[in-house]
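The same chain A turns up in both complexes below, where it pairs with chain B and then with chain C.
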Partner chain A sequence: MKLAFQMAYKNLIGAGLRTWLNVGVLAFAFWVILFYNGLLDGWNQQARRASIAWEYGAGQAWHKDYDPLDPFTIQDGHGIWKEAPSDAVPVLIRSAVLYPQGRMIPVSLAGIVQSQKILALPTATFLKNQTEIPAIIGRRMAENAKLRAGDQVLLRWRDQYGTFDAANITITGVFKTDVPTVDQGKIWIPIEQLWKMTGLKDHATYYVLQHAESPKTATEWKYMAQEKLLADLDEIIKSKKAGSAIMYLLLLAIALLALFDTQVLSVFRRQREIGTYIALGMTRWQVVGLFTVEGSMYSLFAMVVGGVLGFPIFVFLAKQGIAFPASSQDFGIAMADRVFPVFGPSLIAFTIALIVISATIVSFLPVRRIARMNPVDALKGKIT
Partner chain B sequence: MRIFFGTLLVCWLTAGTPGQPNDPITILQKVDANLTSRTRIMESNMIIYGRRGNRTITSKVYAEGNQKAFTEYLAPEREKGIKMLKLGNMLWIYSPETDRTLQLSGHLLRQSVMGSDLSYEDMMEDRRLTDVYSAKSIRKETLMGRSCVLLELSAKVNDVNYAKQKIWVDEERFVPLKQELFAKSGQLLKVITLSEVKKVGSRWFPHKMNYKDALKNGVGTDFVILKIQFDVPIPTGIFSKAVLRK
Partner chain C sequence: MAIEEIIRLSEVTKRYPMGETEFTALKNINLAFHKGEFAGLVGPSGSGKTTLLNIMGSLDVPTTGEAVVLGQHISKLSHKASAELRNRHLGFIFQVFNLLPVYTVYENVEFALLLQNMPAQERKKTVYEALDWVGLTALAHKKPDKLSGGEGQRVAIARAMVKRPAILLADEPTANLDAANAHLILQTMKRLNDELKTTFIFSTHDEKVMGYLGRIIHLRDGCIELDETIKNKPLQR
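Entry: the complex of A and B
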């Protein structure tokens, strides 16, 4: 086998430009696969961290009638949970309408405990201005409603019986988050204030939990583990990966086609060499092995070249991140304005294995015909 | 002592007692008598004023008391064939485009009707004023050249959309000419202006109404009655879900 590697190495170096073209195409496929997957892994990790910090905590307990994907459940999906863990943070959500500059914007009015520490929401800024209804909003909401910290704006809501009420709220802070579900169309106010405004004292739509273990939930409340809450995000990333796989597998297929052609040509042009190997005592399958190693060595070369040239680029990208346009953060999925790709060992190992194994298989397929060659005809250079 | 009894007499004469013509409750009962009926068949135009132009939607309504109502949209082409059925506090909408019937409940009822300043809930809210509000007479005013009594209404039940209302009632015809609807906090939310009051049978009825969201820019939504009949027989079977798909 050592001899096969030595001969393969010499043959490849001797082939010159043909070798480097094959290596170049394979190295490019290696970069693309690594880049796409690294970007998606980076996005996933950032989005998971942000979602836990801003929205999910260690898990949540939802009122049995509440479904965040169905806004019509907001009206009735709330209740009192007497056995709620003392460190859990209650959040009450009601529908409301905001009237900035004579425009009408339907919003979700979310009440949260001012002193909470589980979520990254800057609820301490409720105390910044001594106003009756202090509110904090996200950057996207502020841009949409054209509001800034210190602005007063009229809000209309309904009490527990459905009677309209309206008052001015004061924006005491605008926060920046990568999680659009706590930002877009949402206004955060102290929960005590919301209880007073709606008459729903001690009611909550859901609780954000401090600890990961499932609390003793009453029949009215359902426990949502952190992983369950993040499952949607994982699904999105998985589908994105599947989508991008089509593109890079196509690129890899082109590279492998070039390798296949090279192998076909090698067998055709080097028949006398094959006959000589067999005449010198090598078995046909040893010659097949030699040519297969030669083909798979393209991929090893590609890994070395790709690694040497790609390493500084990937390190730079992992440190600097890749900026995404603001519009891409408005799709309702947690996404930072700068995504830092993550090139983990498992991703690198997977990519190397994918390319080397596929290159080896593709190298083997055309050289199988060597096993059927007549050595005398091969020595004479006759195609059989 | 004479001054005390004199003041008492004046107060008694001016305050109005139930059953007296100037008593706010009596006025409200007369308003209810004008505006409500056993059955009603009405054809109307709803004119929605938007930034990109105006839309006029023509509809025909069959109503029985305040529990049953059937509406069919007649024009424009885009809305033609849409039907709405209200039975009690349930509302169904049929769309010919999708050939589906959708039941509206909860939050959906608070959505705007065809982009107007009216919500489905506003359209469904037709309880008698005397059932949900207590009234207080404020003063007399002239509005649209008519002598009106300004009443202040305060909700006496919990499940009412507007906690307070100000209503200008034509003293002679007992038809409201203007309504201001307020939030619990006292914030003005909606203004309804009623005009073109015409006699239909024995009652006076406004044939044009403008609904204006007081918090929003714009001129609101006009509701113009083209034809109205009171206490006439309603075709049988019209208040059933089966009619929606016919």
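Entry: the complex of A and C
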């Protein structure tokens, strides 16, 4: 085996341009696979961190009738939870309509405890302006409604009996977040205020939890573990990965095709050499092994060359991140304007294994026929 | 005579399929070779010289009949055993030298020993010894494409002889060489035949080669026409 590697190495170095062409495409495939997956992994990790910081906390407890995907459940999906953990933060959600400059924007009105520390929402800014109803909104919402800090805007909502009521709210702060669900179409106000406005004192739609373990939930409340809340995000990243896999697997297939072709040509053009190896005392399968190792060595070279040349680029990308235009940020899941790709050891190991194993298989297939070659014909170079 | 018999062919026949019919390249060949012979298969093109050499080299098998080389029945050997036989006991020299192009002269010669897993130090000594036999020590680190034809064939001789095989099979070794180089090669081989008692079997239609042979087996249409022993052959200059 060691001999096969030494021989394969010599043959490849001796083969010149063709070797570097194969190594080049394989290295390129290596980079593309690494880049795409690293980017998505980085995005996923950032998005998870952001979602935990801005929305999910260590987990949530939902009122049994609440379903964030179904806006109609907001109407009735709330209640009082007497045994709620004292450090959990209640959030009450009501639908409302905002009237900025004569426009009409349906919104979710979210009440949250001003003194909460679990989420990154700057609820302390509620106190900035001693107004009746202070509100904070996200940057996307602010842009959409053309609102700035300090602006007053008319809000209309229904109380617990369905009666309409309206008042001016004051924007005390605009926050910047990567998590669109706490931003788009959301107005955050102090929960005490919302209780007063709606007459739903002590009601909550869900609680954000401080601790990861499941609290003793009453039948009215269901525990949503952090991982469960993040599952959607993982799902989206996974489907994005599958989508990009098609692209880079195509690229890999092209690289492997070139390798396959090289091997077919090798067996054809190097018949005399094959015959000579056999005359010198190699078995046919040893020669098959030699040619297979030679083929798979293209991929090893590609890893080394790709690794050495790619390393600084990938470190740079991981450090600097990649800027994404704001327009691409409306995926409905958290996405920062700068995504920092993450090239983890398992991703690198997976990519290397994928390329080396597939290259080895592809190298083996065309050279199998050496095992059936007649050495006499091979020496004459007569096999077609 | 008590000289060891190293090759015995009994009723060796080789047929090749030719469309509907068959072509018989060798017909009932009975032949024996003994240790230390310097013999040649001579005959017109297509008479079966190469076919016979390949069978003796266990690169091919007879269609019928038996070929016993160094006590081993060629037809019954596994791929592994036949590879082992070639690696340790048989040397080949070809008309086109078949040097491995990406290896240096040294590495070409070393190759068979690597397959034998010979330890590095011993290997180096052995390779240089073989290069010395053919006078190519100075070219050890050249690649084959930088060698002249004569040098190339001498490398091939060193490569075949480095493992000190019992039998060396040379298929038209001088066909691609000029007269001076042909004689140089033949003298080298004759010397190794004298010193190492290696059995040399040639296939040739080169008069120069015949001048060196101690035994000439004339083949025609796959049959032995004449098997002549040349007595007290003076070494040609």
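We adopt the following convention: the second predicted complex is superposed on the first by the 383 of 384 C-alpha atoms of A that agree within 3 Å, B and C clash if a C-alpha of one lies under 4 Å from a C-alpha of the other, contacts with A are read in each partner's own complex, and residues count from 1 in each chain.
The rule is simple: contacts are C-beta pairs under 8 Å (C-beta built on N, C-alpha and C of every residue); 3 or more make two chains touch, one makes a residue touch a chain.
Note that this is a predicted model, so its numbers are computed, not measured.
Once the two complexes are overlaid through chain A, chain B and chain C fit side by side, free of any clash as defined at the top of the document.
In the overlay built on the shared chain, the residue A:376 is in contact with chain C alone; chain B does not reach it.
With chain A as vertex, the superposed Cα centres of chain B and chain C define an angle of 150 degrees, given in steps of 10. Looking at the shared chain after the overlay, A:278 reaches chain C, while chain B stays out of its contact range. Legend: residue contacts after superposition of the two complexes on their common chain; A:99 is shown touching chain B, with no touch to chain C.
Judged by the touch definition given at the top, the superposed model places A:10 against chain C, while chain B stays out of reach. Shared-chain residue A:156: touches chain B; no touch with chain C. When both complexes are overlaid on chain A, the residue A:181 reaches neither chain B nor chain C. In the superposed model, A:226 lies in contact with neither chain B nor chain C. The gap separating chain B from chain C in the superposed three-chain model is 73 Å, by closest C-alpha atoms. Once both structures are placed on chain A, no chain A residue is touched by chain B and, in the other complex, by chain C.
Chain A meets chain C in the complex at residues 3, 10-11, 13-15, 272-273, 275-276, 278-286, 374-376, 379.
Taken together, the chain B residues at the contact with chain A in this complex read 105-108, 110, 155, 158-163, 181, 183-185, 187, 189, 213, 215-217. Residues 54, 57, 59-60, 79-80, 83-84, 86-88, 92, 94, 96, 98, 100-103, 107, 111-112, 114-116, 159 of chain C are the ones that touch chain A when the two sit in their complex.
Of all the residues in chain A, the ones that touch chain B in their complex are 71-72, 74-76, 95, 99, 102-104, 154, 156, 159, 161-167.
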